[in-house]
Amino acid sequence: MSLLTNDAKGVYVISVTPFHDNGDVDFDSLDRVTDFYLEKGATGITVLGMMGEAPKLTQAEAREIVARVISRAGKTPVVAGVSAPGLAAISELSKAVMDRGAAGVMIAPPGSLRTDEQITTYYSQACAAAGDGVPVVLQDFPLSTGVQISVPLMGRIIEENDQIVMLKHEDWPGLAKISALRDAESKGRRRISILCGNGGVFLPEEMARGADGAMTGFGYPEMMADVVALADAGDMDRAQDIFDAYLPLVRYEQQPGLGLAVRKYALVKRGAIASAALRKPGAGLAPAAIAEVERLIERQTKRLKEIG
Amino acid sequence: MSLLTNDAKGVYVISVTPFHDNGDVDFDSLDRVTDFYLEKGATGITVLGMMGEAPKLTQAEAREIVARVISRAGKTPVVAGVSAPGLAAISELSKAVMDRGAAGVMIAPPGSLRTDEQITTYYSQACAAAGDGVPVVLQDFPLSTGVQISVPLMGRIIEENDQIVMLKHEDWPGLAKISALRDAESKGRRRISILCGNGGVFLPEEMARGADGAMTGFGYPEMMADVVALADAGDMDRAQDIFDAYLPLVRYEQQPGLGLAVRKYALVKRGAIASAALRKPGAGLAPAAIAEVERLIERQTKRLKEIG
Amino acid sequence: MSLLTNDAKGVYVISVTPFHDNGDVDFDSLDRVTDFYLEKGATGITVLGMMGEAPKLTQAEAREIVARVISRAGKTPVVAGVSAPGLAAISELSKAVMDRGAAGVMIAPPGSLRTDEQITTYYSQACAAAGDGVPVVLQDFPLSTGVQISVPLMGRIIEENDQIVMLKHEDWPGLAKISALRDAESKGRRRISILCGNGGVFLPEEMARGADGAMTGFGYPEMMADVVALADAGDMDRAQDIFDAYLPLVRYEQQPGLGLAVRKYALVKRGAIASAALRKPGAGLAPAAIAEVERLIERQTKRLKEIG
Amino acid sequence: MSLLTNDAKGVYVISVTPFHDNGDVDFDSLDRVTDFYLEKGATGITVLGMMGEAPKLTQAEAREIVARVISRAGKTPVVAGVSAPGLAAISELSKAVMDRGAAGVMIAPPGSLRTDEQITTYYSQACAAAGDGVPVVLQDFPLSTGVQISVPLMGRIIEENDQIVMLKHEDWPGLAKISALRDAESKGRRRISILCGNGGVFLPEEMARGADGAMTGFGYPEMMADVVALADAGDMDRAQDIFDAYLPLVRYEQQPGLGLAVRKYALVKRGAIASAALRKPGAGLAPAAIAEVERLIERQTKRLKEIG
């Protein structure tokens, strides 16, 4: 397998972790949803992300999931989230997933970090913990982590840590950060890949600002593949038309805590996984929410037909 | 003037506070934007909200703004935000705005509150501070305040404080909370008005769940008026068609910190205020952002024409 | 080995985890410090606590440490911290440590919890995850976790979860909480053991309010053993004399982040462990801090002689 | 009156705001406690601090309190806290207190700040808001504000803002920060005054690290005056003896939320104010707490006699 590089682009889908209704990992569905992502245009897959319910897994499960997806995904690169409260756990999991063939690891900062000093120190130590030469994706998701990384600080981290080849960008608001990073690169700083998160809710603008694609989940990953491809081809109007058709559901999936249940509901409906169950303490969708999702999907289908 | 009651409905627009480029309050624009809101379908106006840059105002300015809007709005009810770190300041400002003819006051919980006990105690004290018989709007906005109010706790606060006649609903996710509140009312708890915030980004679903309307801002408040009116009339499909046409811009305006600059930009463009300036420490829109907004407005206009 | 019960009392020392200078766990020192704690009056030992650098350990290390301390401690009960971001990890570690002979497990709430509803639900799920019949210690440490548990909520959790036999009390301020819990018990609620933390900085008052002892660390654990024994014997004046002699150092050890380095420094000085090294990202003591600690220890020794 | 300079030293007592039992400001007691502070060795007085219940005051009350204390304090410099959510309020209050003769203003960062960029920008704007040439005290109190300022960032803020002449130091742990600031000054950075807070709980060590004194409250401010004077005279042993005698009560007063009630209780007992009442939502001391305080005071008196 090949390693992640700073020219990665396209759509790295944040994979769900399918469970049986009893809470066990459903490996058959994991195979199926991996196939599904590839069919829908994924150029990479990211496992053990927050929306992959990583913190709810045992380490043994985590490793098995990574191995299974890598095996199924073939030549498609697989990135594994290895965020943990401590460096030893990061080191252990990083070694495990890289040994199994991962293309790189993703690390979000622990919520206890506050000052610029703490954050830069952390990423130096985390890169060392990930292992010499292991490609690292920096996940910048303040809404979830509580850690805010300013543009100058992001630059400093990139300059100090060659292992960081990619930014999983989900600051909010974050468009200006993409522009600032690309601007610094145009003035000589080394390039990194920027794949955007937040469920794709700003994907057209992010592409126009210089992002390389998306790294996020959504029940209809073909939306992301289409928008990224059209943006790359310069057809922003068509990209936005498609995006707009999906936006009501994208928005609905963006509800913190609830969004993953919506996503899994859509994946079940589409035959990609067997059960929409979240592992505890996650909850499923209430009937009123299901009705809302069904209505949005119906309208989405109709609108997609209208725009052809 | 009349007082706010628990059957209030429609759209209470969260008014911007217009400033001159030098940072002074622009009272002429305040008149103009008040007229604008009324023309676009506002059934009420809320001043001194977070998006009204209330924390950046001196108390003298705050009072003058309330008096000016009340005078301009005629019979339309005006609600004033009176949130403050201390009860004495709440009491002082509440008396001032009620004396000037406000229909009620809005209070968000201070960010230091954590436990259910602290939150209920706070609202009892805050209602007393607001003044005997003064109608209170409870602003439930955890993303901004950090204070989370569960459904049972919300019920307890409503039961303990008759002065609370309205919920400014902007929990996220929050649809289930609306359903739960209405359900409790169907079983006997006194009714409160529920007007929804968050820039209207879930307005169709909120109306379907039993909300009475919206209390939020958006550069195109007619969207909210239309959606609320159509939902009231039972035409949810048409409501959603209109909503969907505006959604790309609604989404763009939802960017924390940045959204108000977008909103003011639109209001200037529409002739409702003279300058898009935010008072410090707020920043304006970068050229790239302006281009994005212009593009979204252009597409929005086109799409609105398509749906007729 | 016997299980932890709700009449546990005395001093459960929060054990440090000794490391070699290169960051490896120093198991010989672990034996030695276990002996040291027992010699100084520990009635129990708690491993894998926050001050045991638990989040910095791999799971394999964590299990080995628990097994080693249990083996060395003989009949002295050993409690193991099993706090983790997810229930599956709690379940896995709890089973492992109970299989190895632990007397119970300790669980602090994850920092994401806010509302009373979320917290009670969490403890029901966490008790189930710990395993049927496994005694659970609830660690109530808001300064570190950010989760605040009010007195009524604590009562509710105790009533709903029979497995919780002990409170590791380190709310701050927290004296009134001890009184309130004991008061509720005098009116019929089942008793739980209350062992106090925070480095013992309020131990005399806590004992007077009805605590059963201490569960915390300090370089001189004999202070805690003496204070608890004297308080039990009703000699509060003598208890306070001894406490006051140690207080300047207790206070110095209470510095967040820095305190553990102080504690390990004292333990090295006293021959209980070989190296004061903290595992990364922990830092050691600067020379100025070492001089301050030495000075405090010297004065402490002198003062203890004065009071006999 | 003279303005605060960067060579200020001694003890600036954080004044309580005395209230009548009904919650009104008690101006007679304010005179009395001002006299009391001066008699006990204050070289300055700071009003409208957090422990002065500043957020609970109306602006009119705040101004009257400042004027009253300045008038009573004669030539003793008076610093006024002007922290507020917005710059306009800071500007307004700063102008008001400087016009009335304050020696300078104190500003803590609002809790919403996170990144180094945000914090430096804030202090530039806040200094401008305070008014041209107005001496500013930077209050660095992360436990309360949630804002962490690293040593490099503090240096940058000092270098960028000449108006900042003093640091109210209450980072925790914070001893290394004092050393680092003094070290940078020895290498050429302009000097600032460092007065320490946190109720004086680290005062001997802070003085030894290079602090200029204390700016905090405690029911027995003569402790701080004695410790600072003895440290200045090089008699650290005697300074520590006196400190240790007061430490059990200092520690007790350090309880967040509760400490101010303890302090006011001591001030009533000593005849400095008429009522220990806190303005709502503050609570008074329970009987058990009063008994604890009385016991600590009794022991403190005895111990002070012993050391002569």
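Chains: A, B, C and D, in written order; residue numbering restarts at 1 for each.
Just so it is clear, contacts are C-beta pairs under 8 Å (C-beta built on N, C-alpha and C of every residue); 3 or more make two chains touch, one makes a residue touch a chain.
In this text, all values refer to a predicted model and were calculated from it rather than measured experimentally.
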item	value
Equivalent interface positions on chain B and chain C, same or different at half	same
Reference chain B; chain at largest CA-centroid distance	C
Which of C-D and B-D has more C-beta pairs touching across its chains	C-D
Rounded Å distance between chain B and chain C, as computed from the means of their C-alpha atoms	47
Euclidean distance of C-alpha centroids - chain C vs chain D, Å	33
Centre-to-centre distance between chain D and chain B (centres being mean Cα positions), rounded to whole Å	38
For chain C, residues contacting two or more additional chains	none
Of all residues in chain C, those that touch chain B in their complex	114-118, 148-153
List of chain B residues in touch with chain D within their complex	55-59, 61, 85-89, 91-92, 111, 121-122, 125, 279-281
Residue ranges of chain B in contact with chain A within the complex	172-173, 175-176, 179, 201-202, 205, 208-209, 240, 243-244, 247-248, 251-252, 255-258, 286, 288-289, 292, 299, 303
